[in-house]
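Labels for the chains are A, B, C, D, E and F, by order of writing; each one numbers its residues from 1.
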Amino acid sequence: MPTVKLVDENTNHPKIRAVFDDIKATKKIDRVPNFWRALAAHPANLELCWTQAKAIMRPGKLDMTTKEIIALAVSITNSCRYCINSHLAAVQRLGLDAAGVGELLAVVGLYNQFNKLAEGLQIEPDIFPKVEE
Amino acid sequence: MPTVKLVDENTNHPKIRAVFDDIKATKKIDRVPNFWRALAAHPANLELCWTQAKAIMRPGKLDMTTKEIIALAVSITNSCRYCINSHLAAVQRLGLDAAGVGELLAVVGLYNQFNKLAEGLQIEPDIFPKVEE
Amino acid sequence: MPTVKLVDENTNHPKIRAVFDDIKATKKIDRVPNFWRALAAHPANLELCWTQAKAIMRPGKLDMTTKEIIALAVSITNSCRYCINSHLAAVQRLGLDAAGVGELLAVVGLYNQFNKLAEGLQIEPDIFPKVEE
Amino acid sequence: MPTVKLVDENTNHPKIRAVFDDIKATKKIDRVPNFWRALAAHPANLELCWTQAKAIMRPGKLDMTTKEIIALAVSITNSCRYCINSHLAAVQRLGLDAAGVGELLAVVGLYNQFNKLAEGLQIEPDIFPKVEE
Amino acid sequence: MPTVKLVDENTNHPKIRAVFDDIKATKKIDRVPNFWRALAAHPANLELCWTQAKAIMRPGKLDMTTKEIIALAVSITNSCRYCINSHLAAVQRLGLDAAGVGELLAVVGLYNQFNKLAEGLQIEPDIFPKVEE
Amino acid sequence: MPTVKLVDENTNHPKIRAVFDDIKATKKIDRVPNFWRALAAHPANLELCWTQAKAIMRPGKLDMTTKEIIALAVSITNSCRYCINSHLAAVQRLGLDAAGVGELLAVVGLYNQFNKLAEGLQIEPDIFPKVEE
């Protein structure tokens, strides 16, 4: 049960309404997801979060599918039920089929395992990213 | 400091040596990363883990860069220092440039934030993946 | 569904009853929350946990509202549904209004994000607390 | 070892320099913390993160000490070494003495314990926040 | 709600059916748990995961009860509802009584607390395992 | 670097000294581990934590080796470097050999993987512990 009242999509609150309209237009969807309706209980958070999401979640060096795959991998690792459902639906809409989702899950599972093995073994890094460009 | 002695790359242990050789051949690298040398302290683990990694970490529906990106997103979310260094080096080798890494980090940060906001707000899922194929 | 039977508030078990009575008196509530009724399935745990909670959760250098805010921030970061509901109710009872809760959520979200960015960037500490008193 | 080159404080990059100057002015400090110098490797992230931090980390319904206490509680729960050092230094600067820090730690420890006990016991929420304002 | 369709126990898919039969024979149970039926949506994962589980979850230096206790301690620490229920049922079947489960919970709670206190205090290791055999 | 000054083992502070002496006597060790010397910066925490640890970490339904194995499994899952080193040393002292440690690690890795697969698949529990005694 949400800890706040979900704000109505057709609210008269001008700032919230502007964000809601922008969410629908940007994501090309016709209803506002509950995450944003709940965040709207705190209008300042809503604006900051949407500004940030809009800036980050658009195609760049990484395409949208890759970005949603990352969002899903993070959400599974954090065990966030709402987010797993939402981002899994997103990667499906972007065209990832069941076999692709199966591979994604396998990789997420594998590295949750290897991360903990690495900690248990307390291994020092021996492979480093290049730092100078 | 590792909690086990790293097994020498040139070990005479036949099973470990076979895995080490396969790791170098498969990954086209000329030394065995410390993760595998530490795992080799427990040869049964080593074999199981390598079999699994080899089966999962090859191009399929998802290409290698996407799989390494997932590995990196998971490792950052789990704060695994060894794994972050290693998988960041891997995505660089596969061609992701600094701007791409920057986008990856931004997405990982964003959803670690949104995952917790969703929990704080206790929102019920309203968007579901398609389940029937 | 709880993994243990919740112990009845009016149990005749003298040790459990004493803790239950103390919980109600200390917290000025007229029923025992399910957390304590479930813990009572293991009376030794119940006593240890209540002794500790009672000693820690009273006004000191930090007032009760700040302590409940910390409890809520931890519970959101750990995604504990029972605890989020319970501590959010507590901060409301102590007078934090909706705007205050919104700020709390924003700070929790922000630092869950920044914690992971700091890990992804593998930054060494450059700002240290003072250690000598 | 950071995974990016820390950007020099006196960089000529105009956007980065503007953020750096604003960080120093806002926080009343004379050098830019490594977190921001590392983030600056990805200037778009830097701007988004600073905009968000500046908006959230100012006195509102919650004062600055409470906000830094939340940041510290989150950082300890996430085991972020850089962040623990940095936010512990911040609460000290804001006047929290050693006894206060001890109480903060005790509360963080207590609820990391209780969160997991609640999960192990699989208790359903029985105390809910008020949702209608 | 599962994100995949659970595969029917009596599926004609030969590889899946072989794993399902082996699961029932190995675990001496007469129905396939939902975890495996869900994993079967991705047959390659199913095979890899079952091979690994079968190799690891058999008596060795550690007996089965100890291995299931570890599985339960990990699952509580990760707050995995499905896994907590399943492994708690397993330790009960293997003979751990309510008092034993209470001790297990107390230890899991205690070290989730102490782990975070150790992080908050940023203590350097002073006790090391023996590394040479 | 610790965030507090480690209290000297030979401190004159009577309460701290009493706990330190009891730690050495109970654990049959001749120096106080850094964890307890750091906690002693907050004497009230020290007493509460030691009282709790002493009550929980003694043989009961579960023997000491099993309890230390749980502590290690939790510490690896939480990636606590200090605690991993300390509890791994403890299980070694209690007689677990390298092969046993290897099995422990394998089980911890396996269920960190399976926990996340269960979350990704969003499976509802189908196996429940017995609740009535």
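By our rule, contacts are C-beta pairs under 8 Å (C-beta built on N, C-alpha and C of every residue); 3 or more make two chains touch, one makes a residue touch a chain.
These numbers come from a predicted model, not from an experiment.
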(message) Please identify which of D-E, A-C or C-D repeats the interface of A-B; the criterion is that more than half of the contact pairs agree.
(response) C-D
(message) Comparing the two chain pairs, does A-F have more C-beta contacts than B-F, or is it the other way round?
(response) A-F
(message) Measuring centre to centre with CA averages, how many angstrom lie between subunit E and subunit F?
(response) 20
(message) How many angstrom lie between the centres of subunit B and subunit D, each centre taken as the mean Cα position?
(response) 28
(request) Could you list the positions in subunit F whose residues touch two or more of the other chains? (result) 1-4, 41, 44-45, 48-49, 52, 56, 77-81, 84-85, 88, 98-99, 103, 105-106, 108-110, 112-117, 119-122, 125, 128-129, 133
(message) With touch defined as at the start, can you tell me which subunit C residues reach subunit D in the complex?
(response) 1-4, 33-35, 38-39, 41, 45, 49, 52-53, 56-57, 60-62, 66-67, 69-71, 73-75, 77-78, 80-83, 85-89, 92, 96-100, 103-104, 106-108, 110-130, 133
(request) Would you tell me which residues of subunit A are touching subunit D in their complex? (result) 1-5, 44, 48, 51-52, 55-56, 125, 128-129, 131-133
(request) Could you pull out which subunit B residues touch subunit F in their complex? (result) 3-4, 41-42, 44-45, 48-49, 78-80
(request) Show which residues of subunit D lie in contact with subunit E when the two form their complex. (result) 76-77, 79, 81, 84-85, 105, 108-110, 112-117, 119-122
(request) In the complex, go through subunit A and note every residue touching subunit E. (result) 79, 84-85, 88, 98-99, 101-103, 105-106, 109
